[in-house]
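First subunit A sits with subunit B, and in the next complex the same chain sits with subunit C.
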Partner chain A sequence: MEKLFITKENLKVLIASLKKDCAEFIAPRYEHLDDIVLGDTKADGRELLNYEGNSVISPRAFLLPQTEELFEIKSAKNSEFIAVEDKKKRIFYGVRPCDIKALKLMEEFFIGGEFEDKPYKEKFRNSVFITLSCIKKCSPESFCFEMGSGPFAKEGFDLQLTPLNRGFLVEIGSKKGSQVIRKHKKLFSKAKPEDEKEVRTLSLNFTKGKKRINYKRLARIMRENKVQESIWDDIGQRCVVCSGCVTLCPTCSCFSIQDRLSGAQGSRFRYCDGCVYAGFTRMAGGSTPFPEHKDHIRRFFEHKLNIDTQRYGVSSCVGCGRCIQTCPGNISIRKFIEQAVDGS
Partner chain B sequence: MAKTRNEYLPEKAVIERIIEESADTKTFTLRLVDKGKLSYKPGQFLMLSLPGYGEAPFTFASAPRKDGRFEISVRRVGSLTEALHKLKEKDVVGVRGPYGNWFALEKLKKKDILFIAGGCGIAPLRSLIQYVLKNKKNYGMVEVIYGCRAPKDIFYKDEVKAWGQSKNSAVHLTVDEPDAAWAGACGVVCVLLPKIKVNPKTTMVFLCGPSVMVKFAIRDIVKLGFKEQNIYASLERYMKCGIGKCGHCYVKGKYVCTDGPNFSYAEMKKLGIES
Partner chain C sequence: MMKRVLTTCPYCGVGCNFYLDVRDSRIVGIIPSKSNSVSQGRLCVKGWHAHEPIQHPDRLKKPLIKENGKFKEVSWDFALDYVAGRLKEIKDKYGPDSLAVCTSARCTNEENFLMMKFARAVLGTNNVDHCARTCHSATVSGLNQSFGSGASTNSYDELPFMDCILIIGSNPTEAHPIAGWRVRTAIDNGAKIIVCDPRKILPAEDASVFIQQFPGSDIALINAMINYIVTENLHDKEFIQQRTEGFNELWEAVKDCSPESVKDITGVEPALIKKAAQLYAVSKKACIMYSLGMTEHTVGTDNVIAMANLAMVCGQVGKEFSGIYPMRGQNNVQGACDIGALPNVYSGYQPVTDETARKKFEKAWGVSLPKEKGLTLTDMMYKAIEGKLKCFYIIGEDQIRTDPNSHWIEKALDSLEFLVVQEIFMSDTAKKADVVLPGASFAEKEGTFTCAERRFQRVRKAIEPIAGKTDGEIICEIAKRLGYAMEDNPSKVCDEMASLTPLFSGVSFDRLEDNGLQWPVHSKEHPGTPVVHLEKFIRGLGKLIPVKHKPPAEIPDGEYPFILTTGRMLFHYNTGTMTRRTANLNREYPRNFVQINSTDAQRLGIKNKLRVRVKTRRGELEVSAEVTDKIKAGVIWMPFHFSEAPTNVLTNNAFDPVCRIGEYKACAARVEKVNS
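Coming up: the complex of A and B.
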């Protein structure tokens, strides 16, 4: 598709206009000193048009929030419930390509398959995603190119911006994206050949010296149980079950459900849960099918690197590096991948 | 946006009847209040909701009926089941479902069937036992092995007796702790295996019970020549959603709630699980 161009000034005008058209404008902004955190900047205008690094928490936090009301309980005694809906239109700005790939996988998981997850679908379908591609590696821990999810998004975005010297290159990824362009035609111009040349240079700089991970081969190694047991032992010992990895992972989707009542009324909520917790599979009566801690991490890594690769054709580890950054025990999924592939 | 059903929203069901099966287990007969009926197949389960306590999965313990009534047997073992046991007839609960796969009914025609149940594992199997006994002419020999802690823990006492009295059927009972009146077998379910008459090569086996029982009973029947692909177990896992999303029941890429809860032993081996 033909590529477009927008100047920094016009991008500000576009954002101002988009803000009028949505309930929440979720964009990167500084919080707590230097942390970049996604948040609603509709009112305060604190969004960063361009930034280095990635947001601490992925956009998943807005689609599968830490705590979310599933429905109201009107009468606990009579089992009377009231459906709740979230029809808010959200525009996500500045989402990184790795997180866009993660959202594509989450879409398949929550909306594809036998049952649709209505709360997720509602929020996802009402959202617009504007990606900001990466001209620099966001952190030493990230390995998006290696996992095939960066520095540019290939699908899953509505618009993708690439920051250049004189402004931003614009790609359209969907109908929703074209609608935004059509409505704001005057703000865009055609991209020049030198813009595309600049992108090629950026891409070459980004990928220089990097090698793609053959995640299909990795999946096979895991499927055939060829990962040395000592690697799992080491990981099991290092993990202190802080659950930072499953909290920050853009493709983690596990949740639990709990009721909160005040008197006879209240709500049923779901909240994010994680497979690394010892009690995750514990049943009433106390028995658990996975008592050993290393097996919890094994299950976590196998799901991302083996099972999802079989199911979706791509690994659901997108290489964002968040779990590696946060781990106090220095567990690195990237190092694990290298060890697994090298040791097989 | 197309209208999507919110799977998490339960429907109202009224408790029509409560029967005490043992000191810690009750059987509840339920019926949907507003909508027609839950059409399910033996082996499937429902999510039962008790606002304030949450939800828990229970396998249907009765064969599908024309009048839409269905039963679940519930052991008092956690906070939700404790609260459920305090409810009375005419009280209302929430239900959603049916969920999960069902026993391979199509593979059963003309076959001999062996059921092996331990404790409250009889409940999920009862749905299929009732179903095949009702349509007995379509099936061969039906045998039930049922082991309990003590004689007072045997569920559906009269019904279990009747199962063994229909044509070409047998029931074998065993208990761990016999009382003075008990004249039957003692010990784990495996002690009854020498008594069975069905042909191992062609018989379909359905198991449900505590995980150690399932593990050892499968080992023993495999030794007797029963085929891996003819052995099915109804598995239990912690689950929150019942629709393959919450992740709790995940085992190596399979979700016990949507891919199960009934797995053949051949499938279980692939998943690396024994129960």
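Coming up: the complex of A and C.
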């Protein structure tokens, strides 16, 4: 597809116009000191047009919040309830390619599969995603290129911007994206050959010295149980079940349901759950298929690097590095991958 | 409407920061803060779920007054008038010392300051105390004697760079997980770990030396280490000479305490003690981390002094990358102590018996203040039973579930004429109250908490108080009804406490904005103090104080052959009012249990997961057994988070004579199979 160009000034005009067209404009912004967090900048204009690093939370925190009210229970006895619907139109700006790949996988899980998750679907369909590709590694822990999810998104975005010296290169990824372009035609121009050249240089700089991980081979190693037991022992010893990895991971989709009642009235919530808990698969009566702690955190690795590779053909670890950054046990999924591949 | 409110975690004393993710006045999640120096983007499982209990439907929303044994909802005005009226009546009838206030280590510094001011300036009594009595009062009394200051000597961020960390009576992984992260990093950086604990806690798996001593034998253990270090000439003679006093007296007390001589008391092989002593003494950068395993004994103060002796003898204190880290248990227990919610001191540990200090506070507050020390929380209970204490105003504490020997506490509370409890959930203690006032959680107020590295950090309001008032506002309303006006604006209260407290006179909300400040902060320009006692101890010379092993108040015998010790676990927090209302936390551990060594279990015919009865001289409980090799034979361990099977009906109300802390960590118990 033909690539376009927008100047920084015109991008500001575009954003101002897009803000009129949505309920929430979710963009990276500074919170305390140098914390960058995706948040609603519609009213305060604190969005970062271009930034280094990545948001502490991914768009998942908006589509599958940590706790979410599903319906209001009017009477538990008579099964009277009102569904809580979120039909807000959201425009996500500045989302990183790794997180876009994650959204694609989440879409497969919540919408593309056998069951359709209405609350997720509603929020997802009402959202527009504008990607900002990466010209620099966002953190020492990230490895998006190695996992095939960066520095540019290949699909799943509506628009993708790449920061250049003279402005931003623009790619259209969907109908929603072309609608935005059509509506704001005057703000864009055709990209010049030197723009594309600059992108190629950026790409070369980003990928220099990096090697793609053969995640199919990795999945095979895991499926054949060829990862040394001492690696699992070490990970088990380190995991203190903080749940940070499964809460921040852009592709973790597990949740549980809970009714919070005061008398006969209250709410039904869903809340993010995860495989790191012993209680996740514990059955009534107390027995569990995985009694050992190391096997709980192992499920996280198996899911991302083995099962999803079989299911979707790609690994659902997008290499964002969030689980590594937040782990109080200093567990690194990246180090695990290296050890698993080298040691087999 | 979406907002992110940066605040300080309400659980343990580590002081992690996170954002509350607020959408349309509902708090939907937690976002860690990478820029916060304490947590650096990490949280434990409790922190990650800290939003769940805040808007739980069980929250108390209206004041309650008991009528004919039943609670009735009343308006704020009615409740506050009634409480003020009864307080005045009791004060007029029996005198100010018939009243007592228990402040809350869960509340902010500003609220604790208001509460201690309320007790002293409005009620006219020094009977003010809080739960530090049952956790780290021994630290305050012990380290104060040794160093002149009863708080952590060094900072968290030195931990990853230590060569040796001695962890004794502390389980950082479970009780202080983000301090535990730093221990983990130290291990990854090659540090040698020494763990001394009756249980094989997680860091013990990576330890160079793991010592599994009997609960209550810590002084013997530490004295034997000192004995070996001096005998082997590994002590820091220059440090002892220049920085300390009392070495000869100390040596007199420990010279016969060889590792061999304490083998029976501690149950530890002498070779292990020697190895640990050697490692700690010769390491360039070594520190001691301890917690309630050391303090909650009838010899709690002496235990703390023993550790200070060890550190000074080896010169492992008074410099960077060394020192003693008392890991504080509650979010603001450090602050509640610092702010003077104690019966003997005003804020910044200024004694109430010191006339200059008292005059200063009298002048500032425009009243005359009581001259004598007040009662400790422990002694308030004794006085209540004796009939001398008539009224108790408790904020955010559940004594029945947290103090040793629940039956005895119930008796004390039943002896009162008037009990007010300010709480966010209906607790067992609140059920005993004449009036229950609904307080506010951490997410509903502005203020500061002080964490275990002496760091003041901001607490910020995310939602309006669910019951309408913050705890500080409630206290001020009652004070006003008793004819005394108090400023309730948290920032101004912070300024007031800074103006009266040389230890942190440089603290104010705007200075805490970035990453807080570590006291001492002597002026508005002072940058705070990461390491204390550099060059000189606060008391001048460090004092080596001889202490000797004394057995626990209750030792095992034929009828009660086990030592019962108790503690906190990763997924729950104290009485569980919050963690038991958090879905995933409660699912991990929904009920109480007892850990028992597999050889003991086999002897008694006890199988894993099966019901057993645990009995002490004070009570009994039926729980399931967790048969494990992680606990020393002859010792059993229980958590105390479960109000339907409350472990503190078993524990011993025997107390340290100096700091009045209870002996939670060692009492005699019996375990029986339950035939079903």
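Criterion: the second predicted complex is superposed on the first by the 343 of 344 C-alpha atoms of A that agree within 3 Å, B and C clash if a C-alpha of one lies under 4 Å from a C-alpha of the other, contacts with A are read in each partner's own complex, and residues count from 1 in each chain.
Note that in this section a contact is a pair of C-beta atoms (placed from the backbone, for glycine too) under 8 Å apart; a residue touches a chain by one contact, two chains touch by 3 or more.
Small disclaimer: the values here were computed from a predicted structure and weren't measured.
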First (subunit B), second (subunit C), both or neither touched by A:289: first
A:244 touches, of subunit B and subunit C: first, second, both or neither? second
Touched partner set for A:81, first subunit B, second subunit C, both or neither: first
Touched partner set for A:328, first subunit B, second subunit C, both or neither: second
First, second, both or neither for A:338, with subunit B first and subunit C second: neither
First, second, both or neither for A:107, with subunit B first and subunit C second: neither
Partner chain(s) touched by A:256 [first = subunit B, second = subunit C, both, neither]: both
First (subunit B), second (subunit C), both or neither touched by A:125: first
First, second, both or neither for A:73, with subunit B first and subunit C second: first
On subunit A, positions contacted by subunit B and by subunit C: 256, 258, 261, 266, 273, 282
Of all residues in subunit B, those that touch subunit A in their complex: 1, 4-10, 12-13, 49-56, 77-78, 80-81, 91-94, 211, 236-238, 240-241, 243-253, 258, 273
Residues on subunit A engaged by subunit B in the complex (per definition of touch): 70-71, 73, 75-81, 83, 109-110, 113-119, 121-122, 125-126, 253-259, 261, 266, 268, 270, 273, 275, 280-285, 287, 289, 299, 302-303, 306-307, 310-311
Subunit C to subunit A touching residues, read off their complex: 2, 4, 6, 19, 21, 23, 26, 28-36, 41-45, 47-49, 51-52, 56-58, 173, 177-178, 180-181, 184-185, 188, 202, 205-206, 514-515, 570-571, 583-584, 587-588, 609
Complex contact set, residues of subunit A against subunit C: 24, 31-35, 37, 39-40, 56-57, 61, 65-69, 237-238, 240-244, 247, 256, 258, 260-262, 266, 271, 273, 277-279, 282, 286, 325-330
